[in-house]
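You will see two complexes here that share subunit A, one where it goes with subunit B and one where it goes with subunit C.
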Partner chain A sequence: MLLHNIWIAWKSLRRSPVLSGLIIACIAIGIAFATTFAAVRHAFTRHPLPDKEASLRYVRLDNWDPREPYPGGAADALPPQITYRDAMALRRSTVPVRQTASFRARLTVFPEPSVGRPTKEDVRLAHADFFQMFDVPFRYGSGWTRESDEKLDQVVVISEALNERVFGGRNSVGQTLRIETRDFRVVGVLAGWLPSVRVYDMTGNALSEPEPVYLPFGLVVPMELRTVGNSDGWGGRGGSPTASFAARLASGESTWVQYWVELPSPADEQAYRSLIESYIAEQRRLGRFGRPTNYRVSSIGTLMDDFQVAPKETFALLMVGLLFLVVAAVNLIGLLLGKFLARANEVGVRRALGASRRDVFLQHLVECQVVAVLGGAIGLGLAALSLRSLNAFMLDTTSRGDLFRLDLQMLLLALALSVAAGLISGIYPAWRICRLAPASHLKV
Partner chain B sequence: MHVGPILRAMLRNKVRFGLLAIEVALTLAIVANCVSLIIDARTELSRPSGFADNDLMLVTATPFNEAFRESAYRDTVVDQDLTALRAHSGVARATNTAFLPWQGGGSSTQFRRDVRAERIRTQIYPADEQLLDTLGVRLVEGRNFTREDVLRNTERLRALNASDRERDATGRAITTVTVPAIISRAYAALVFPEGSPVGKTFEDDDGDRWQVVGVVEYFFNPYAWKIGEYVTFYPQRQGSYEGGTSYLVRVVPGQMDAVHKAVEQTLASVNDTRTYRIRTIPDVKRRFLGGQTLLVRLLTLVIVVLVFITGLGIVGLTSFSVAERTRQIGTRRALGARRGDILRHFLIENWIVTTLGIALGIGLSVALNLTLLSQVDGARMTPQLLAVGALLLWAAGLLATLWPAMRGARVTPSEATRNI
Partner chain C sequence: MLSLSHIRKVYRTQLVETYALDDITLEVDAGEFVAVMGRSGSGKTTFLNVAGLLDTFEVGTYRLDGEDVSRLSDAAMSRIRNQKIGFIFQSFNLIPDLDVFDNVDVPLRYRRLPAKERKARVENAVEMVGLSSRLKHLPSQLSGGQQQRVAIARVLAGDPKLILADEPTGNLDTLMSREVMDLLERIHGQGTTIIMVTHSPECAARAPRHIHLLDGRVIDTDADLFAEHTLPGLAAAIQ
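This part shows the complex of A and B:
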């Protein structure tokens, strides 16, 4: 019966190609806009590490000026990162099963002179746990050990692209790479790692690619490394590049370290929170943390909201896209009504020959679904095309060209929206046509 | 013409006319909000920086030679770099600064008139005596920095930061310095509302005094915390071993490409133990404004397609309702109604529907606007915008009805009775 109805629907489409074309185009355009804008929003809100939502936590502490809140409007706003000394203090805790401090520096990498000139590279300083915490994939080797963290071993993990450039793409584990004035032993090469947002560092541009070089965090002291990211501070010239290195590390309230911990259970998280509270209380006795106690232990999802990883405009686009689909659906009701009522005579004959109202109703509803799915498919095609041009635009302005895509979720969404649009637009016209009295449409 | 019969006829077809009204309402809501967002975005896009954006280029040279850790060595190279850059025929000006326009950030700090006053945040950048001319900003009061200012102040700040400063209980340094400063007029108006700021001072948290020597007319560099128009420049050589040395270069108009190609070679001829990064400000600006540009394009597309679809919808529904009433039209014509009467009937009918839709749409627009504003920074919906939207929809509605209505008016009495 269903197949028969689909066949009738197909015949009906072929019979009035212009009107059918308009109807399908109407759905297609509505689906195209809604899906495109939903995919744009989705690109920024998609969770990069869903498995880690429950256990990974990012720590923020309000060490700001007692006289005024951290700028940004909200009374409970706090700096996006923590100070070096707080990071070192937190690190003494054994509650987290894994933890890493991290920040981004920019250092000179010296390939063999025969291979190329020295280049400046973004470098991520992190602890050994970093690689496991963020599910970093390796082509060769692995991250360094906790022991290397302790002993300040000069070990390095490099990206696949850098390995290609400096070592010709071969397995470079065990090779030496000179960075600034020191020689590092390569322990791992990443396998094309590109999370949808730079999950471990959402300060600054969260869409940046991961850094090509990774070094043990402890080297910050002997190498006198500075962040190239945000370093909001207060008191003295906290953020000033002219302050001496030692002064910035040991004292000062300049915040430039990102701190992540892995807490397997809610009980651990509770324990960790009370640990932070007692740390703040202890520091307060030393004259720090003059503001009301304010700290956050946030999951990746929460952090994405707090740091507004998704540009706010994408929300406006999503709303506009969905409303556009509603307009298309309303339009569709009119078009379907016209199409169905034009066939009143034929329906009259069917009814006179014994088709029930239900049969007629279902037949027309199926026709609506056929049209909707057809239009939805075309709309998806249009959405794929527009996402391609959006990607090209993004590649031009941000150097990320793979951001927007139709993943399974988006395909399902498009399908659901098409079916819903067909159903909502189809019910009234189908109901109208099945209520027609057959007699008035039969020639006497 | 009586409206009564028209209304009664419409009431017999509530759903059809209701649909049309809803479509008009949604269209008004979407278009008005899109236009509101576009206006906001365009304000951002067209905001001038006050600089000669099109002719500016930022060149950063980062050393991989330990000798650059010595500030004296670095200073010598900076002077040689600037001489070499200025010697290029395509270069109009060159300055040593950390200021990079249009990247959406920079550095900032807070100052206040005295200990009791409120702190006011400003962007802050080191500058040399060539910065203002290179940017192309106009000094409206006081004087520019001199070479002497730059050299003396650089020495002093270096000496100050060589060791930790002694501080009193409130965290202020025991011995303080006075730093010359050039500020933007917008910042001057905030800190010194009473009038000319030249010669006056404000202070930082260390207790160091900053004395205003000059005021620039206008400055805008997009920055969080809404401090885009506030700036303080102070004289200092910029550069470090880690971050390298940055130069802002203003090219002779039309010479951007030529200078872009030559600049690396120019700096390499001074000292080749460095890596270079060259960014043109038009490119930096284009990237910074990329999101807004894209938003404007997408919303414009939405408006065009939406108005088209709604127009089609109105044409479709009116054609349908004309076709359905062929017999009534014929009867009316036979009873003496003229073509004009029929045409007017359909136009008035449409006008009523559109007006209903517009009334509904104004409510929807405000609701949608409030929803968006809860997530997006933007402007409130203005009555003017709604009024313009309503007028346009009235016009569009009439236009879209005209063709089917005229077809209806052409129905002859005989046609109506010919076929049942």
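This part shows the complex of A and C:
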């Protein structure tokens, strides 16, 4: 009967093409607005590593000034990153199966003179576990080993784009790349890695593309590297101005390191939290962590909320889009009612031939759904065009050409919204038409 | 087949009450062919609507095929209309954008019959009315007589026990009227009960039994239409 009702609906649409077109256009515009804004919001809230939600944790510690809380309004606000010395202390823990400190620097890369000129490149300093923790894909080679971390090997992982530029796209594993004044051995080339959110560092622009160069974190001291990302601190840079770089790193309260751990089970997470609490207590005895104990061991999802990766405006836009769809659907009630009442005689005939009120109700509701789904399909096309324009705009600011896209979730959402719009606009007219007294609308 | 007892149907407005059917009591046996006559406004169509479960009534009892159908749910009334009653209308009431096959198929779909059985019933019914070559024609491509034959085929396909015909020849010329009445006689000959509202004495003459309505009342249930002993004023009323 459903297929038959769809067939009747199709015939009905063809019977009054102008009115049907108007109704479909209304739904299409509503769906286009709602889906476009939903896709924009979805781009910002899409989980980049759903498989890692249960195990990857980001560590934050409140090492802030005992006299005043970390700026931000909330009483339990705390710095988004940790200090170098806290990172080094946490790294001694054996509870996490994997862990990495990380930050972003900017260094000069020197290709062979015959290939190109030196360029300043963003460089990610990280530990060996970084690549496995964030499911980084490789075109050639792999990340470096933990042993390389310990021995401060001068090894480098580069992006596919940089490999193309410096080595012509060939397998460059084993080749030498000069960075600043040192020669590095290429151990891995990434395979077009572009997570939806730069999950490992959400302290800046989380939609930025990943860095083209990756070096062992331990090189921060011998190369005297400084962050080019966000940093917060209080009480000066630490140590006297004449102290060595390493000594200053070891004594300052400046926070600029992101710290991630992989904890496979809730028990591991509990153990790690105990460890952090012990560490804070120990540091308090040494005169640090003067504020009430405050730390976070957060999942990726929580962190995305905390760092507001999705701008609040996207939520407002989504609400506007949905409201527009609802208004369009409500406006269609009158049009559909008029369309249905115009063929009250046909309903009378069907009732005389044995159609129950339920049959008539379903027939007209299916017609509303056919209209809504047709409108939804056209609306999806319009949304795809809108997102294409938005992507072109975003390409300039994030180097991403496909930030906003209609994935399966968005397609299902558009379908659900279409069905909802069909129900909103169709239930009342279908109910009214099925309540008509058959005798009074039959032509005799 | 059909038993109405003290049926009253009232149309009310804020100012006036109109008794469309006023204390009607009537029996029609299975297999009868009855002509219902009366002038405009006498309640013929209301009678047919009530008898066909298309309209409700305030007072009285209605038994159809042995079953009390006075106060049934909408679904139950729809099922009875679909399975036991067939309607033939003056204005044919075919669905304009369905072809002959699909029009005849409509009541069978509401009966949820399998496609194979529906096809056989439709083709058989259309053949009985002599329109097998017009199965894919739309109503607008048929003459009035052909459209009424499609409407009759729609009834035949459902194989009802009772056919209610409201002025079945009212929109047809003499020749086509005769064809339609021949068809109804053939259907009646197969044992189907037919109640036909008509203004036409010629058509009424084909029915062995006549019922005359006046102001919502049955004034004669078995009179010879042209006999002199009919109730006073009846001859004038039906002209």
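Here, the second predicted complex is superposed on the first by the 428 of 444 C-alpha atoms of A that agree within 3 Å, B and C clash if a C-alpha of one lies under 4 Å from a C-alpha of the other, contacts with A are read in each partner's own complex, and residues count from 1 in each chain.
Rule of thumb we're sticking to: a contact is a pair of C-beta atoms (placed from the backbone, for glycine too) under 8 Å apart; a residue touches a chain by one contact, two chains touch by 3 or more.
Note that the structure is predicted; figures quoted are calculated from it, not measured.
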Partner chain in contact with A:Leu390 - subunit B first, subunit C second, else both or neither: first
Contacts of A:Phe324 with subunit B and subunit C, given as first, second, both or neither: first
Touching partner for A:Arg117 - first (subunit B), second (subunit C), both, neither: first
Which of subunit B and subunit C A:Arg60 touches, first, second, both or neither: neither
Partner chain(s) touched by A:Arg46 [first = subunit B, second = subunit C, both, neither]: neither
Residues of subunit A touched, compared between subunit B and subunit C (which is higher): B
Partner chain in contact with A:Ala439 - subunit B first, subunit C second, else both or neither: second
Subunit B versus subunit C as contact partner of A:Arg198, first or second or both or neither: neither
Subunit B versus subunit C as contact partner of A:Phe315, first or second or both or neither: first
Touching partner for A:Glu346 - first (subunit B), second (subunit C), both, neither: second
Contact residues common to both interfaces of subunit A (with subunit B and with subunit C): none
Complex contact set, residues of subunit A against subunit B: 22, 26, 29, 33, 37, 68, 71-72, 105-106, 108, 110, 117-120, 180-181, 226, 228, 234-237, 239-244, 247, 251, 311-313, 315-317, 319-321, 323-324, 326-328, 330-331, 333-335, 337-338, 341, 390, 393-394, 396-398, 428
Contact footprint of subunit A on subunit C as seen in their complex: 45, 49, 52, 54-55, 74-75, 78-79, 81-83, 87, 89-91, 93, 95, 97-98, 106-107, 109-112, 154, 158, 166-167
Subunit B - residues contacting subunit A, complex: 15-16, 19-20, 22-23, 26-27, 29-30, 33-34, 37, 62, 64, 66, 98, 107, 109, 119, 121, 157-158, 160-165, 171, 204-206, 224-225, 240, 242-244, 275, 277, 286-287, 290-291, 293-295, 298-299, 302, 305-306, 309-310, 312-313, 316-317, 319-320, 324, 368, 371-372, 375-378
Subunit C-touching residues of subunit A, taken from the complex the two chains share: 1, 4, 11-12, 14-15, 345-346, 348-359, 437-439, 442-444
